[in-house]
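Below, subunit A partners subunit B and then partners subunit C, in two separate complexes.
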Partner chain A sequence: MTSAFSLIHSKPGRTFDTALSWLLFAAGVGIYLYVAQARHAENPEERVTPTVTQMVNGFTDAALKPAEDDEATLPENASVFRRFPASMLWKDTKATSRRFFYSMLLLIPAVLLGLHMGLFPYVRVFFLRFILFFDKIVALSLLPILFIAFGIDELSKVMLIVIGVTPTIILDTFNLARGIPPEQVTKAFTLGAGDFDVAYRVVLKQLMPNVLNSIRLNLKAVMLFLFAGEMIASTDGLAYRIALLRRHMGMEIIIPYVLWVALLLFLVDLSMRVINRKLHPWFREA
Partner chain B sequence: MTNLISIENLSMTYGSPARPILSGIDMSIAEGEFVCVLGQTGCGKSTLLRLVLGSEQPTRGQVLVDGERHLRPDWTRGYVPQKYALFPDRTVLDNITFGPEVREFNLFTRMMPRFFRRRRELRMHAMDYLMRIGLREADATKYPDQLSGGMQQRVAIAQALMTQPRILLMDEAFSALDPGTRRDMQKLIRQLWRDTRTTVLFVTHNTQEALSMATRVVVLAKEDPAHGSRVMLDMALNQPCREDEMPRLIAKVEGVCGSSRDPESALFSGEELPDKILL
Partner chain C sequence: MLRAFILCLLLSVSAFGQKPTFTVGWSIYAGWTPYHYLNKSGILRKWADKYNITIKVQRFDYAPSLDAFVAKNIDACTMTNMEALDMPAASGVPTTAIIVGDYSNGNDAVLVRNGLTLGGLAGKKMLLVQKTVSEYLFDRAMTINNLRAQIKSVQMVNTSDSDIATAFLSDTSASAVVTWKPLVSQILKQKGITSLFNSSQIPGEILDLTVVRTDILNRPDGSGQRFAKALTGAWYELMGLMSGPGADKVLASIGEGSSDTLASYKEQLSTTKMFYKAQEAAAFGESADLKTKMELVRQFCFTHNLLGNNTKSVDDVAIRYPDGSVQGKTNQVRLQFDTSWMQMAAKGTL
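Moving on to the complex of A and B:
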């Protein structure tokens, strides 16, 4: 007698597995192409759903044509490698990456603060209540205040990320640090470690993989606040471009830009995962 | 012999309203003794150990180690807990060398070439320890979670002994191990104790274990619920314990612990039961 089919115990085969996992992508693309084609047949001037050709053209222009302000400086037959660094896409990506990099740097003090709060009672008492409050502030609601207080330059965008993301990272690290078994701390002391040896050589080292994972989870939040800042007050950056092109209904560039951002974020996440695994071979994902 | 550890009228309460855990413990331990502290789960054995370590301070009384009070744990008192004894992010060898490494080099000097030279020496030294506690060379580069429970505890003991503490405090160090492994570990710790002449304070809830290792057994128990645990029995033992003596000694300890109300008392029958049932 054969036993009944069980959903939980089913094992899709390798090929089927792959096919199944790409199905939604295929369906998404298929539906888009169908809708775009239908709308273009109805109205050749249609701008909401650009065709693939339009998007490819738009994206190549963005990636290979010089940005508006220094149009004349490149010779007509310059190579791709000369043309890409002068392009609009490259400039936008560079500007956004720079801000993203700064926000990542800002997470380092956040991690250290969380660590010290988790280990040292005085630091905990001093900061915890305030940070719990800070955490509840809806960062975007502060945006006007930030622009008034810090102007519309880089500082206000960075502050937006500080307010939006660092409390989460601080509290995450804090909880992780508190989760370290007290035996470990006692043990380290009995082996001759001091307070800061315990903090950095025992606890932080053990937390790092989890902290990196928590940062990975918060990448979206970082990007969210970064984009909010760029869309509202900026003169460059990927989000600025998307916001700008919206006014011209430049969908043939907006859609590739959105995919480009997703790809970049995916790559950042992937490299962090790989680095995490390389740096911490002892770590077992929970 | 002089007293290495003096525990004087030690009391400990937790929480508010205060719940007494220990009430007036008095005990002196001389250099070179192997003392087992016995008692049922929850009677405050770990608490006593934490007070000796200095990771907590008593509500009354004091613990003097070498005539001094200690406000925090330090390298003179080695410690082997039941769980989480090893640093998961370090290999076996690096776990063993952690003590000397952290004592000789701070966060900054450990970047200097001197550190790497010294670390090579320490690793050679740690290798010797590794052999002594019965691990193989191939285990040196493993991470703790790749070892069995027994192996982990062996490494933890080596790690603690590497700093050459005067006192070794062990909290149910073998309680998570299966009976066979546990017996091996008991032999090992006896051996190391004889070789190094370290004073050992070993906490356990297993009577058999205490009687088979210690030169002295101290039983903690509550007289009544309103008070914390006290020393109910403090007896010296000749080691090794004679087989035919065992039942009498077990009966003696069982008598002191009284109650056969809870399943814990099963262990006083001298049977070696797996710990899952006992805990």
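Moving on to the complex of A and C:
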């Protein structure tokens, strides 16, 4: 009996474990359904809380039909596999993913900069103060300047993400690099390594898993900036569609879109976790 | 102690019962900023006291004000005829327009760089807030000039109104912009930008209304009717002040509501056809002209999917006019133009 009261040492059973972990999901869905049902009973044309059927219909349309500003080029009876690549959802996902991918690529130089700042005193002196300052700048409030510098096309959206997220990644890598025991660096030198051997083959190698984790934690920030950029000025993308649909309360598509984005982000996060484990099997999360 | 508490509770309940409270939401626009002054000057309080109700006034950004109205968080709201149709009415919130305040008479405009013409816009980049009166204005401009077929080939960039002026001015690859005042005035100051089309060429199509939820007006205790009366009475008292002698002082004070100087507010009013007299407003609300214009607007809303994906026919969101005629299905009336309060104001019976 006493062991039952030892909460820290408790071991929930497998079934109970699973049930417990889904409880909040069930509660969320349940509350939504209840509210939606009540609102629809009061007003059958209600649009703020669509029913599940409406959302399923909305999402099927989004995934199978072209956006309204595009011409329908496929015959009515085309197969799902041919219709999906011509659909509104695919078009928006492609546009957003492209921007997302470019901004992820731009995080690579950020990691390298952080590494060099952590190891080379001159680089550190040159950059650190400025980046500490730059990190505190709220990028969104500088939009007009971004427009002048980068136009209103793709570049300004990617730059918004870069300005918003890279300082965090740089500083995080910098801190991680500073945390490498100096004995290791000295040891590497005594074994005949050069400066860059130490940087890339001793320090970077050890940092990588942590850096990947820090990028994973910043995925949401990347997406937030990307959404802000797409809502401000764009012709396609997931957030562009949401901004348009908001004009007439198209919640039956907005809610599935938001869940779709969540799913995509979850998949990116998952694949980064898997890659991290494959690349660095020796790594143990602290 | 307990008795004091119960007494308190009873008092507050009865006080609540005595004085119903209503909230009006407004957003910054030449024809709506008067609400700022109505609230500040005490005119609205005077009328609310007369009808034994309490009226609260709250400023919003435009889109959130529509959301709040649809969600039934506020009882009355300022909006255009197009949004009244495609937001509350199409979301199944029956809505009644009680004041036709003004129409845009040049406030909204299509501006271009380098002397382009409407015919030359195909393939060019154009910034606008899509699915709003801006797109409607552009649609009408192209239709009137027999260029409808080219609308699809204009590359529209959906741009937030908070950034559209700087975005257009700083990015020279954008050839055209559709927006409204005071942004229009700000953009036109730049060299080489000309106006191709503005809302004075489609007078009376972009209306600025004060709307109330129909279920409020139909409240059995009649408090909703009193609310409409108080609001209309206060509105036309202010309209009298705005157009009467010594108006500048009032106008300057209204302009403060949108951080505008007197000169800039007057400039905006010069392209706004205000109905200063209740008589004029009621006459416009009852004219056959209104029906023709609303027909254009509702067809635009339907073809642009603004009435919702589940709305299969334009007639599903019907409009009723003061003479009782209905555009659409008579059992699906969602938007009404009711001039009775403007009539009362005109006759001085409020």
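As a convention for this text, the second predicted complex is superposed on the first by the 277 of 286 C-alpha atoms of A that agree within 3 Å, B and C clash if a C-alpha of one lies under 4 Å from a C-alpha of the other, contacts with A are read in each partner's own complex, and residues count from 1 in each chain.
One rule holds in what follows: contacts are C-beta pairs under 8 Å (C-beta built on N, C-alpha and C of every residue); 3 or more make two chains touch, one makes a residue touch a chain.
These numbers were taken from a predicted model, which means no experiment stands behind them.
Using the contact criterion defined above for the overlaid structures, shared-chain residue A:T60 touches neither subunit B nor subunit C, since it reaches no partner. When both complexes are overlaid on chain A, the residue A:E46 reaches subunit C alone and has no touch with subunit B. By the touch criterion defined above, A:A243 reaches subunit C but does not reach subunit B. Using the contact criterion defined above for the overlaid structures, shared-chain residue A:S21 touches neither subunit B nor subunit C, since it reaches no partner.
Ranked by how many residues of subunit A each touches, subunit B and subunit C are led by C. By the touch criterion stated above, A:R201 is placed in contact with subunit B alone, subunit C being left untouched. In the superposed model, A:D153 makes contact with subunit C only, not with subunit B.
Contacts of A:S271 after superposition on the shared chain: neither subunit B nor subunit C is touched.
When the two structures are aligned on the shared chain, A:A188 is found in touch with subunit B, with no touch to subunit C.
Of the residues of subunit A, not a single one touches subunit B in one of the two structures and subunit C in the other.
Residues of subunit A that touch subunit C in their complex: 43-48, 54, 57-58, 61, 68-69, 143-144, 147-148, 151-153, 231-235, 240, 243-244, 246-250, 252-253. If you check the complex, the residues on subunit A that touch subunit B are 181-194, 196-197, 200-202, 205-206, 280-284.
Only residues 50, 53, 55, 72-75, 77-79, 81, 83-85, 87-90, 98-100, 102-103, 106-107, 143, 145, 159-160, 162-163, 165, 169 of subunit B touch subunit A when the two sit together in their complex. Against subunit A, the residues of subunit C that register as touching in their complex are 63, 67, 70-71, 86-87, 90-93, 127, 130-132, 152, 155-160, 163-164, 166-167, 170-171, 173-174, 304-310.
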